[in-house]
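The following pair of complexes shares a single chain, chain A, combined with chain B in the former and chain C in the latter.
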Partner chain A sequence: MADITKQQIGAFLGKQGILIAFFAFLIGFTIANPKFLTPDNVLSVIRSSAILGVMALGVTFVVISGNLDLSVGSMMSFSTIVVLDLHDKIGPALAIPAMFAMTLALGAFIGFLVGRLKLNSLIVTLGMLSAIHGLTLTYSGGKNMDIADKEGTWFSVFGQGEALGLPVPILMFVAVAAFLGLVLSKTSFGRKVYAVGGNSTAATFSGIPRARTVFICYLISAACAATAGLIQASRSLGSQNTVGQGLELEVLAAVILGGASLLGGSGTIFKTVIGVLILGFIQNGLLLIGLQFYVQFIVTWVIIILAVWLDIAAKRGKLWSQIA
Partner chain B sequence: MKPGTVSTALKSGAIWGFIILELIFFSVMGEFMAISDSGFLDWDNMLLLLKQSAPIGIIAMGMTLVMVNGNIDLSVGATFAIAAIVLLDSMTWPIFAGLGDWVIPVAWVLALSVGTLLGALNGLIVWKTGVDAFIVTLGAMLGYRGIVFMFNGEQPTSHLNWTLVDFAEAEVLGLATATWFLLAATGVIWFIMTKTVHGRNAYAIGDNRAAAVNAGIRVGPHMMINFAIIGFLAGLSAVVFYSESGSVNPNDGQLYELWVITAVVLGGTKITGGAGSVIGTFGGVIAIQLLRKGLGHIGADTSTVNLVIGLILVVVLILDRQLNMKGKEELKV
Partner chain C sequence: MTDKKPVLRLENIVKTFPGVRALDGVSFSVMPGEVHALMGENGAGKSTLMKVLGGIHQPDSGTIFMGDNPVVMAGPLEAKAKGIVFIHQELSLAEELSVAENIYLGELPTKSLGRVDWAKLADQTNAILKKLNVGFDANTRVGDLSIANQQMVEIARALTVDAKAVIFDEPTASLTDSEKVVLFDVIADLQETDVGIIYISHRMEEIFKITNRITVLRDGQYQGTVETADSTEESVTQMMIGRTLDLSRTTSDHALGDMALEVRGLSCGKLYQDVSFEVRRGEVLGFYGLVGAGRTEIAETLFGLRTPSAGQILLDGKEVHITSPSDAIARGISLVPEDRKGQGLILGMNCRDNMTLPQIDALKSGPFVAEKAESKIFDTYFKQLDIRTPSWKQQVGNLSGGNQQKIVIGKWLSMHPKVLIVDEPTRGIDVGSKSEIHKLLRALASKGYAVIVISSEMPEVLHVSDRIVSMYSGRVMRTFTSEEVTEDTLIQAISGIPAKQVPDAGGVAGSDRATPVPLHS
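So, the complex of A and B:
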């Protein structure tokens, strides 16, 4: 009897552990600094997490389908630079769809390589991380990109505007999350993504088109990276070529923290949002209680490993691994 | 000839063919487009190339071992930076003030030990928790970078010791110190992988972990030793590089893991483990460095280097797939 309860507790902790840890963090930080849970601070945390968050939503699809995407950081830099450059050349109304089309083409290329040709997604997207970075530098000639007339453009609305009393980046994050959440949980395409990631062979025998499903997952990831680039460009109205460098790993950290398995087949949009918020609130909370910025790196390290470890431990019913 | 012989020969020799192709291409193109007067296939130029390959190359040898073992290490860049800071910082510590130039070996040992310990820590976590090495080292990449910033914040750490600089800039038998370290690392890891029980077990574990366990191989300790080795080599790489430069930025070593993994994959190591060789990796390291140098030689900028290396990686994967497809019953999708 005791054994069963112990296992049940373990399973519960494994399933909901990340939410429990999240609330424990919130309570702890609030006690340490009462400013932490004020509406202003909460909004500013979510607002600054929005760019990372939107990218993480797309990567969630790729991860659930059993693949990785390390190219989103470079892709986001690319979108930012392209949309800023085109803004002055053809106007914002045309620049935005043009930028989306170009970024989606990159996503389609990766989707073709991983989906149709079945290449290893880690190496393909690692190569594309480098290649897209090179493409961005070639496009911009290595120079920073700036909008000429920063005051008179409506383009700043995506990054700096407010609607319904909330900053637009937050609204975009929420809208994309809600839409993709519905796609993943309520449509047949969403179920196909889980099926392909859970057991690719079984999915194929059940008549699920693996190649096309993976392809669309990469398109979604590219679209999310483009949206993140749009927010970034609109917020700063000028950008370096390396604006998204390193973001791919933070994005992956958020997705893993949310509980998606790198083996594929598990994870949800809601959990990824929780993962993004945890990263954002930890970052903010540690700064608010007066710690240096680099402490968040160390805390994130510990949290990522603990989160995945507890998840695995709950599944196997033992804390320590069975590796001899 | 057995089926598959051609593809195997093609694959094992491909990297050297590619290097020769690069040499010819850049020599010919250099005649028309070079910015400098000196030829590309210049002896001094090639020696410099070997020296410049050392920091990435030394770590790549360890990565080969780790990847053959079926794992991956994304934290090498951060480990490299920590070892570099320990190397330079420890030479100024008051307790070593009376040592004179004997502080150099002490600093080396400290830097190498720190690298080894950080690597072993990754290995221990992978072993004891059963969390995938990708996730463990992804976390460590952030965590170790945080430790780097703890030393000096965003300020660079600098210390020049002229005896050390002289040593690093010395040439023995025409080869630079860094080159000797690269060759030594290649030789030692080659020996470990091909001539020792540990090496054979590492291949077996990477190829089929369940079978290795059934054969009575203790998987955990082998993985941990390999992580310790790559940590040691990341430390060694830092020792070689910073003995000469004498100043380390907290962001140094970023993206090293990507360069290293690219070199290892180009060299023919299987990403899922079980196959690969340090000789191939050595070829991969040289190929990348040739590309960077060659593109510079014909006047291309860094953006082209990134673009070309990324695309080459993808093309290599496609070729690899085509060569492996023969005779395999693929599930038609």
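So, the complex of A and C:
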């Protein structure tokens, strides 16, 4: 009996390990600094995680389909710069759809390369990380972008507004998460994403179009990056060209922390949300216990490696692998 | 060997996994110099037993003895140190390294400063290779060797430790007949050294050729151990499944329906040329030929995975151009592919979702997938095909080969196809499930499906088919009816010997063999 109980615990840890780790962090940081778990702090963590979070939701689709998207950071910078520039030229009501259309075009291009031409997604999106950065600089002429009349625009509502007593970025994150969560878990498209990521050959042999499924995943990722860019632009109403630089790695970290496999075929939106929150709370907690900002980069990655290790350990029931 | 003591003895081994009693009091012993077969259907507990022996699983109760001493196999390394050596079905060699490096990997002989002593390494290796009597030397790159020779490298590696018991797990799965002979010689040599050998295989003829005793497991339970010399294939099969495998010829018991599929003069580059055949509803058409004869490629063309370079495909009498698998599926052509795990299933996905995958777009309630409809489909075929799984939530990768194949078949039956193509229906499947799948294929025909069965196993083709298309080197040699075909004529045909040497042309003309004249030449 003892053996079965142990296995059940192992299975439970394997499934819920990330939630347990999440609560362990919360408790640990709260003991270290009681300010950590106050409503104000929690809201501020979630709000500052919203931009990263929205991007991670889109990347979750790409990762489950068995691919990577390292271009989302650059794409978010692009959206931010474009929407700020167009804001003064054609007005916010037109600037937003125009920015979405341009970002989706970039996503479609990546989707075409990875889906239709079957190019390696790591190479394609790493290249696009650089190419889109160049595109942004070309577009802006390398200058920072600012809205002329910062007080008089309704555009600030996405980043600074409040509704239902909550900051709008949080509401947008929750809304996108709820919508994409339903798409992934309840629709036939979601099922196809898992099928293509689990075994793309077998999916093809079941009549599932791999190319189109992958293509749509990159569109979703681009739409999420554009939404993140919208929040970013609206929050600051001015931006550097490099605002999203490096975010692609944090996004990927959140998705992995949530437990999606980089091999494809597994992961959920809920888990990614947990991954995003863990990352946000860790970074916030480290600041609250007085660690220098720069240390965050190191600690974040140590924790991610630990999380991945514990995840694998729970799956095989042992901390160490005996087979080298 | 009566007065000798067993090298290895397992007593009353019990191993449970959540929900499954994988081993239920299994006992088993190997004498020195004995080849002991371990048999059972997939899922009978052979692999679990071997994992217990190899230290990968710990038994819940029961003891392992080596000689007189009880031992505990705490892990794979410990099992190896105690002289338990596995030769796995899937090879675990580093292809880019030499034979010698692979054999002594981790234990390379060294000189001062940790430099590898290459001369000594080559000498040691060649000494072992000489014992095995193989045709390659220590410096050959492993990736350049045939599968059979790679297996020899594994065996050579086993010989470097002081092996007490060597376990062969389906060693002949990918060997040719002549390579098998070499392997059996090596096993015979091993016997001379008083090593105990455990031999796991589904192939009866091998078991009866080389083993001394046979132990049979069924559903995790010990069924008994028999002397090979006192047994027959039937009696062993009986122990394994509780009945015997029926491979008698099929005689069609129902009238054939309309023409379902006609293929006229179909060619696909160099893969196959000028192929013509037809299948009626209610008929099983067998395709037989050597690997590379073009059988699978024809199936792939019909399923929209390849574009033919010439010829016509007629479905229900109308010419069709099949552009993709989804197009083929929409037209009512389904394919159970030869590589079940690679092409047929998404192993990490659950049983139900695998089964409903091709029609997922059609199963809608509002914007979402109708899970109730999915479960209904699963339940229907779960019962109809007698699929053994604790629940639909089980990942397909955890099922046995036979049950996996039933999931694939269920997937296509739920689409109610006009033509069902089954490529290697029972590859890697145990005897019991084999006969179930044979029955199923016949039952499908009698329900009015047009079934195409491609197989490399002659008894299987002869057993299930109403007619048999024989292929050689990309061409159809002859189409036989089940009444006229004999093993000899079939072998002649697939070896490229022209049909005119076969007597009894009258029977052919009088049969249902109106092979259409190719339109393209």
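Some notes on this structure:
Everything below uses one rule, namely that the second predicted complex is superposed on the first by the 309 of 324 C-alpha atoms of A that agree within 3 Å, B and C clash if a C-alpha of one lies under 4 Å from a C-alpha of the other, contacts with A are read in each partner's own complex, and residues count from 1 in each chain.
Keep in mind that, in the parts below, a contact is a pair of C-beta atoms (placed from the backbone, for glycine too) under 8 Å apart; a residue touches a chain by one contact, two chains touch by 3 or more.
Computed from a predicted model, the values in this text were never measured in an experiment.
Touched residues of chain A, counted separately for chain B and chain C, are more numerous for B.
Once the two complexes are overlaid on the shared chain, A:300 sits against chain B while remaining clear of chain C. After overlaying the two complexes on the shared chain, residue contacts for A:209 are found with chain B and with chain C alike. Once the two complexes are laid over each other on the shared chain, residue contacts for A:188 go to chain C alone; chain B is not touched. Residue contacts after overlaying the shared chain place A:201 against chain B and chain C alike.
In the superposed model, A:135 makes contact with chain B only, not with chain C. In the superposed model, A:266 lies in contact with chain C only, and not with chain B.
The residues of chain A shared by its contacts with chain B and with chain C are 201, 204, 209, 322-323. Touching chain A in their complex are the following residues of chain B: 74, 125, 127-132, 134-136, 138-150, 153, 213, 218-220, 223, 254, 258, 261-262, 265, 271-272, 301-314, 317-318, 321, 331, 333.
If you check the complex, the residues on chain A that touch chain C are 3-4, 7-8, 11, 182, 186-188, 191-192, 194-195, 198-199, 201-209, 265-266, 322-323. Put simply, chain A touches chain B in their complex at residues 113, 117-120, 122-124, 126-138, 142, 201, 204, 209-211, 246, 249, 252-253, 256, 262, 292-298, 300-302, 304-305, 308-309, 312-313, 316, 320-324. The touching residues of chain C, counted against chain A in their complex, run 16-18, 60, 75-77, 303, 305, 324-326, 328-330, 335, 337, 342-349, 353, 357-358, 360-361, 363-364, 367-369, 411.
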